[in-house]
Each structure stands twice: as structure tokens, then as C-alpha cells.
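Take a look at the structure set out below.
As written, the chain order gives the labels A, B, C and D, with residue 1 at the start of each chain.
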């Protein structure tokens, strides 16, 4: 870990994502959150590690599975929860729901659930920064499924061509809905290698090791900021719950319980605690205080969301 | 013998029959062989027909549409599925420039027997990118056929007819119909493309409907009947080719036209139907025709907003009364009190 | 001071003025800075504004549309060009799911000031994949504005208004207009979006036209005038938002409606215009409205077939006479004998 | 050259393409061919060499610049010429024109001018062959510009995933219309490398050396036929005339006269003659006889096209 002072914040980001999503899962059966939710429980380290490498003024774009990226970038827990509850106080004023989060105050520019489609938009955002002479970096999150979309390739080609300040962050969780890699991509061909063909610098990493993620992201972000162009990071990780919704779904049989248990052991939070408490890099006390704060935050956000009013009118169709 | 089947079961049965009868039929799409089987409509096919003919695919909608087209040129009869019509927007170039035109632009030498199933979402926060209803687009493109069944009976018969058709067919299924039950004959039958269905007869006004809005139209017609107004409901079933004859015949009889569609109003399905009536039987029109369609707005996600966004039976009922020149009654809700408006029936509890 | 400019010069001047006034405007597209400069409409811009703001791009229509959107979110005002509207079909997903909805679906926090110029081809064997005219599609999608200028004056004023608009604008240019001359004021001015233009006044019938068909409509109106029939020609200019008021006002006056559009007839522009008239002023309609649009067929390539495929002044003239209840005169051709029908005027000799 | 007996046919194919297109160029100003034409003069060796490696029952798909591929595959000269003249006797009965050629009798399945779009269709054709148990190979021609389209990547991924009998044949002529590689693809990154990222076997070759092209194609075709899966071939070549139309256009300044002259010296026909006449692998006599036959063929085709009737009715929109 290149920057041990960052450890508490990495933990905090991961735990916030975990607890917010667990709370969503707990409450979903009340049927008050009336929109699809794609939870990233189990994958928190990618979001936390990568976002922690960004400045507040840097930009992030994401996908259907975006709660982690939104919270990692520092998005408002209240506004997110209210959005999922469909309330006027939501980050998109009820027009978006879980799949369309935004928090401009922290550079979280938006998530959209069409696979692959926010990738070129993120690249364009970086292009815009260059055109305007702004020194920001844009990070684009997506799953390994998105690398099968042609637009991913078009985006990488342009980013390399123009040496844009983009970090492509691919969370490879082995599945697209219930479909394993084997029906979608050639056996034995790593995901990052299709990016590499475009001449972009690529790295593969352990997506559940938040410090490793942070280090990879930090280098990529620094390079981008210094005009060194884009980087593609493939981070291996695993979604614990169902593709969409609050439940576990190993009973469906599309993946083995062994595989699941294997990854369950690689829980990014447990791994963090085991490692850094043992080494003394963080104190149990500190982690407990963080956890307590997050519990309060989450409870507050749920109360805020539940008590907020519903929107009276949909957002108008044209910008004035 | 006629049994009751649900809409998704009717789709599955049609696919199974088509695949049994013709070894060149195959089905491909994201999640086709997965445990959910396209909301049940492809379940069991993999077991019966094997991996070669029941396929998952990469998340590459455009490329895989081209692949389907090419395989059709090579003699196969592919069925391609999209769990949301919104995803198919990636493949518009292949559908419109290639599939729709291949037969004509090569002087009739080849054909593209291809069915593309597209599901229209509604409710439970599907939101702006998971609930568009773009039939007007496909119906505007010469060379495509466009089908929108409203009943399990038609789902089966139209899907079989679509698979057996030698042209590219856009087969649009409304997600809220999936759980609906209805009588479905066993075995092979087809409902021919291009023929509308008079779902209910009446002399006072004509309600032309598509897909799920047929159900809402029938509910409205029920109440209108209680009030002494006999609405005729014409379920279009096929948008292209369009059954102008059945529509005009009804309008000539009733003199009043209301069109209700699952898509946006402006430049949508309703416009063409009203234009046909104005062109074809202007003199019969006793009142200005009216459209009950989606407002021209991206779908809002919050249930509170969606409830106001989507037209339902009550809106059809109100407009029908206006058409009849009856003053604006408020009308009691069609739905039992407290029933949420963003789910079709209790069997649908989300999230998908 | 008003000079005559050609259509492509008017487009270029508008772009130059917009780029001079606002450093966030940039223009990007295949061949934008090349020696032909999008049929002349971008010539000289590279020299004036430099490489950073006048860009070529990879043949990646979908991705580059996303890039344009992202740059707009970052504060730029991109103009993206397509030499044929047919190529833009690759980017439908970005246009429809993203650009059109971004403002609304994020609660109004952001905006996408983006102009996408698309050129519609016609004649000289452009054929099925280089001559579609898909304005009805874009006009059906809430969140997009759709503009189709017919004169050099409007080309400049509407393009400036489009660039200055904070929403995604689909700006559709007909290739056959490029060589046309007309008066164009110097300096900055805008023609507001959403306002139709009465191109010719008349009391007997209303011809609603789009883009190039406005020219054919005016030629037809000329001959009709010689025959004592006063046709009013309403050039829509903007399809979305649609200027219903101007259309209805004219139809109320004349009682007769003919719509002529460069796109396919069925589910096209004409349908919406006729529907608006039927909804808004049914009682005024003294005859069944009529559409003069493309037949529902992919464009055939052979000049012999294209001559029969494309509607021209004579077709409008004939239908207008029908509308007036005048028996079917054959009518002498509008074009001098021997003039080919697949080129707009002698300045256009192909191949592109 | 692995198969010297093929040399005369390679020459014949190249010369036929050259002479047919030169004739088109000569006659174009008469304005009777009323459609865009994209000539491949200078690039004949790729079409001839690659198609000669195919069986008649193999399939070919192509693009806007397809005369060479059509003729290389053995398509009817008469039907092509008549199609360009817009006649009822044309291969597409006047509905297609130069950009939509077809000759099913020789497995030429169609060309379409939307960049990249025939690539997945060709892959699907090969997929269909596999599903039907047919042992054919599909060859898909496209320019280097098409590799910038996302659909190219989607197509290669699927072909590799399913080990399909496809040969991707990329003619890299350095330009897309007037746009050089430098504004479209990263400097120093070879075109074939973006394909290689997908895990497909790739080769780069001299596109103006017909024997080299033939050898590369033959290996790829054989591998495909034997179930070895797809291959990507990048062949460097150069278009002599303007992108679209009959003229030379070096006056436009988008490419240098030096570059043009450099490639002009690499004329595939002259190179062939120089090499194989000198080595005695072909006889001058034989080449002359071929040339004479082609002159007659071309004259006959033009006469046929000119004297053919125009179509009376466009093809109907639906297959019956």
C-alpha cells in the first residue's frame, strides 16, 4: 500500500457501500423502493479503491450497478436513498431511480443502465476537459460484459488516439446477469487483452484488495492528469447477491456454491480488517467509530427518504 | 382442445412448436437459456433442442443482429430476443439498413426470415431507458413487419406466423401482458399477419388499440357499456402491414375514433390511424378523433410520477365520453383503492 | 445587407459565426476538415479555428456521438456531422437513450447542447442505404428537437438557433438544397425553432411541406395559381417542437390539406400533420386530406426506377387538383423535356 | 508462391478487375452510369489473391468498394455492368447499383456500403453454415476504416468465441475517403493488433503481391474449412483514383504525390509481369491471350449493359 494514511478512508468507503446496500436489501421487501436495484455487495473494494484515487473535481460515470461508485465518489447518501424511494428529494428528483444517480457536487456525473453506453460519454467528458483546458481526470466504471459492446472499442480507440485523461475501470465479476464468460468471450482470452489491442496501457488486479485497487488507480489517475493518456484496469471481483434485486440466488444454479463460497472468503472488508488490524496499520477503535458513524448516516438517510415527499411533477423534457 | 395459458407460456409453446416443425429455426439472445428464460418464455427449450439451437450470446446487440441476418441468408430462421426494446436501439443500423432492405435491394434474390422479439417495460421504476415503446419507428420502415399481440391466443398464433414469414418481423411484447391468462388452442395454428381483431363490437365509437392498451380499452368499454355507450374495440395486432380495412369499417359504422397506444403520442401510432380515417372516411367522422397515448416525455421513474404518466382505462373512458359529447364526469377509479398503479397484477412484485 | 448565398454557404457562415461568438462551439465529423468539407459547408473552418475545434474522427458513429454528448456535459457545444442520415443509424442508442433523456432523467441538473447535422441523399443512384429521410423517427422522440430548413436564409438562421439551443437538435439537410441560392442576411441572426413559415399565401388549399419538398410544392403552387387555384404553402421548418398553430390556422382558412414530405408516407410526417388537423379543426376539412410522400419501399437505385419513386411538383399538382375536386388532368411535365430527374440542377453532376 | 499453377488465373482475375474498372472510368463521364462508383484500381491483388483461395461454393461479403471482390469471386461481368447502368438485366435488377452487387451462382452474397455493416452478416453466414453442417468458408472484405466501427469488434469476438469458418480480409489502403490513419487510429499501432486483442490469428501482408495474398488466404481458408476457426488478414495496398468516382484526385492535396508515385510503382499487375515473365513461370503469350479475352468480355459487357432495357418496376418490399 503506497499510502497508509488512506487506509481509514478506504475502509470507510467500503463499509458505507456495504451498509447502505445491506439496508436496501433489508427494506426492499417493504416494496417502497419501487425500482430495480443492482447491488454490488462483495465488490466494494473496486469502487472504494478507485474513487479514493480521484480528486473531488474529477469526474465519474457508471452503469446499472452504480451505488458503490456513487458512494465511493462521495455522493450524498440521503439523496441516493431518496432517489431509490422515488422522492422529490432524490438526487434526480425521482426521475431517475437507482439506475440514474448523480451528484454534481462531487463530480459524479451520472450512471445509466444501457450496457456500455456511458463509456463514450465519459470519454467525451474527458475530451471536453481537454478542449476547455481543465486538468481533471474522468473515470468510467463498467462490467466485463460491457467490453463486448462495440462502443467500448470505439471509446478506447478514441481515448488512445487523443491521449485523453480517462481511466477505464472494468469490474470483472465473471457474470453478465446469469451468463458466464464462456458463452460471451473466447476461453483463455483475458478481458484486458481486448483493450490492449488498441494500444492502451492495461493492468489486471485483485478487485477485492482495496489497497491494490487504490495503488493501480492512483498510478493511472496520475498518468492521466499529467497528460500521459488513458489506462485500462481490469479488476476481478464477485457479486454476492442476485443480478438485480435484494436476494441471494445461488439456488438458481447458474453458478456453483463452491465458487460463491470461494469468493465469499475474499470479502474485501474482512480481508482489510484481518490484514491491517493485525499489522497495526489501523486501530480497532477507529474502525468501530467509522462503523458507528455509518450506521447513523444510513439510518438518517432512510428516515430522510421515507419522510420526504413524492415529486408532484415529472421533470420537463427540454432544458429551458 | 383449448386450455388457458399465460402469455409467456403461449410464446414458449409457439417457439417449441416452430422449432419442432422446422430444424432451421433457432433462438438466440441474452439469457435465452438462463434460469429465468426471458421471463419464462424460453424455459425448457435448451433441454429439448440443445445448445446449438438455443443460445446465449455476447452483449453485442448490433453485431449479433448482423449474425442473425447472415444466418438467415444462409438458410436459417433465427429468433433474436431483447429483454427490453431499449437495448435493440444498438442494432437499428442492422435492422433498418440491412434486414429490412436486403430482399429488395438485391432484386428479390434473397430473403431474411428473422424474428426479433422486443419487450416493452412498464412500471416498477423501469424509468427512461427500460420502458420505451418504439413500434412507430419500426412500422415506418418499409420491409419490416411489426406485430404486437395482446392476448395469449394471439401471442402464440402471431409468433408462429412471424417465424414462418419470410421477412424480418419485429415482434413486440408488453411486459405487463406476460402474466395474463387466456384460452390458447393446442398444437400448431397461426394468426395471419396484417389482420386486426375486433375485440369487442359496438356501434357508438371505435377504440383502436395496441398491445397492453387493448386490455385497458376493454376495461373502459365495459364501464361505457354500463353507461349505455357501445364501444367497439379494434386490437390492431399487426402494425405493419396495417389492416386499414377493419379500422375504417368500424369508423364508418361508429363515426367516432379513439386510438390508444403504448407509445408516445406525437408522430406515433395514433397519428397514422387518425390520418387513415381522415383520408379514408372523413365524411363519417362525427367528432374530432382523439389519442390516448404516452405524454411526450421520457418515462419518469418514481412510482408517484409514473402513475400520472401512463394512460389507463380511466383516461380512455374519459376521452370516450368526451367523444360522445358527454360532459366531464370525474369517474370513480377502475382500480380497487390502495392498489399500486405501477404493477399489472399481484403476481408481479418486481424487481424485474 | 442581404446577399444571395447558396445553402451550403449559409450553413458554413452560420457555423463560422457561432464559433466566433462562442469558444465552446466545436465541429466534428467524418471529413469535416477534408478538401471537400462536407459538400462545402465546413470549408475554411479549420484554417480559421484550428485543429482543436474543427475535427475529423474515426469511423465510429456511435462512440463519437457519446463523445459529443460527454463533451457537452463538460460544457462544450458540439456540432456533429453525418454525410448521410443513414450512417447516423449506428448512433441511435446514444441519441435516443442518452442525449434525448439526459436532461430529464437527472432531474434537470444537466443539459446536452448538441447539434447533429444529418444529410438526406436523393438521386444519382444513392439507393437504399444512402437516401433515407428519417425525420419522423427523431420527431417521435421526446427530448430531441428536429429541424429541416428549406432555404439558405433558414439554413443559416435555424443552424444558429440550433447551436444556441441547450437541447440536442437533429438538423436535417437535404442534399438537393445544397446548390440552391437565396437571400441571406449578413451577420448574426436566428430563426427560432418551433415556428413554421408561410412560404406562399393562398385561400384554396394548404400544402404543408418539409425541406426540399417545399421547393416542389412552390413549383406546383405556381402552376395552380395560373389555373386560378390559390395554394398556401406552409414550410414546417421545425418538426419538433411542431408549430401546430400555423398549420391549423391555414387549414381553417382553406379547408383543404395536402402534406408533402421527403420521407416515407406510412407512420411519417404527413400522418401527424393530418392527425393534428383532424383533432384540431375537423369541421373545417372540406375534403379528405392527402399525403405526397415517398412510397413505402426502399429507394431503388436505377435512375429509371428512382424517377418513378420520388414525388415531384407534378404529383403535388395532381393531388391538389383532386383535392379541389377538379377531374384528373394529365398535366404537362414541370421539367423541360430530356432533363434527367435524378439530379436537382445542372450544378450537380455526381457522383456525390 | 505455393501453387504456381494458379498464376495465370491470378493474373486473369487482376486484369479483369483492372480493365473493367478502367472501362467504367472511361465511360463514366457519359453520365449513363448514374450511381456512385468506388474503384479499386491499384488494389486488384487483394481481391484476386484472396478470392482465388476460395471454392466456388464459399461465400463472400463486401463493401462499397466491391467490384474487385465480385469479379474476383467470378461474378458475371455482364450482370455487374448492367447493374451499374441501372438496367433490368443487372445483378440486382437495378435496385442496387454499384454498391449492392450480388451473384449467388458463385457465392458472392452481397456488398453493402455502410462501413463495417456487412462484417457481422458475413460472420452470421458462417454461423449458419456451421448450424446447417455445411463445410463452406465465408470471407468478409472491408477497409481499415471499418475496424474503427464497434461492430467489427463484436463480429470478431463472436467468430473467435464460436470458432467460425471466417476469413476477415482487411484491405488497408491508408485512407478513409480523404482521412489519413493519423486522425482515426493511434500512431504506431498496427491495424491487425486490434483484432489480435480478441485472440484471433492475425497476419499482415503485402496487398499488392498477389501470390503473397493468395498464400496467406489459402492457409486461412484451409484452417477455417478444417474447423480451425477464423483468421484476420491485413493487407496493405493503395487506391489510385479518387475515393468515389472515376478521376485521379491528387490535386486535392489530402495525400502527397510522392506517396502516390511510390505506390504506383507497386502496381500489382506490373509487379506480376516483371516477376513471373522473368522467371518463366508464365508465358507472355498466355498473358496476351488472357488480355485479349478480357478485352472482348469487357466490350461485350458494356454493349450488353447499354442495350439492356431499364427496369419497369422496383422490386417489391416483401419476400412473398
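In this section, contacts are C-beta pairs under 8 Å (C-beta built on N, C-alpha and C of every residue); 3 or more make two chains touch, one makes a residue touch a chain.
What you are looking at is a predicted structure, and each value in this text was computed from that prediction instead of being measured.
Peer 1: Based on which chains touch which, give the shortest step count from chain B to chain C.
Peer 2: Step count on the best path from chain B to chain C: 1.
Peer 1: Under the document's definition of touching, what chains do chain A and chain D have as common neighbours?
Peer 2: For chain A paired with chain D, the chains in contact with each are B, C, in label order.
Peer 1: Could you give the separation in Å between the centres of chain A and chain C, each centre being the mean of its C-alpha atoms?
Peer 2: 42
Peer 1: Can you check how far apart chain A and chain B are, centre to centre, with Cα atoms defining each centre and the answer in Å?
Peer 2: Computed value for the inter-centroid distance: 36 Å.
Peer 1: Which positions in chain C are in touch with at least two other chains?
Peer 2: 57-58, 60, 62-63, 86, 90, 93, 97, 104-105, 127-129, 142-143, 296-298, 300-301
Peer 1: Counting only residues that touch at least two other chains, what does the list for chain D look like?
Peer 2: Expected reply: 90, 92, 94-96, 100, 112, 114, 148-151, 153-154, 157, 161, 183-185, 314-317.
Peer 1: Which category does the touching pattern between chains fall into here: line, ring, star, complete, or other?
Peer 2: complete
Peer 1: In the complex of these two chains, what residues of chain A are touching chain D?
Peer 2: Residue list for chain A touching chain D: 148-154, 157, 160-161, 183-186, 188-189, 193-199.
Peer 1: Where on chain C is chain B touching in the complex?
Peer 2: 62, 86, 89-90, 92-93, 96-97, 100-101, 104-105, 127-129, 132, 134, 136-137, 139-143, 239-240, 242, 263-264, 266-272, 274-275, 277-280, 282, 285, 287-291, 296-298, 300-301
Peer 1: Could you list, by residue number, the parts of chain A that touch chain B in their complex?
Peer 2: Residues 28, 31, 34-37, 86-87, 90, 92, 94-100, 112-116, 145-146, 148-151, 176-179, 183-185, 244-246, 252-254, 310-311, 313-317 of chain A touch chain B in their complex.
Peer 1: Can you check the complex and tell me which residues of chain B touch chain A?
Peer 2: 30-31, 34-36, 55-63, 86-87, 90, 124-130, 296-298, 300-305, 308-309, 340, 342, 349-352
Peer 1: Note which residues of chain D are touching chain B in the complex, please.
Peer 2: Touching chain B: residues 59, 61, 90-96, 100, 102, 104, 109-110, 112, 114, 117-129, 131-132, 134, 150-151, 153-155, 157-158, 161, 314-320 of chain D.
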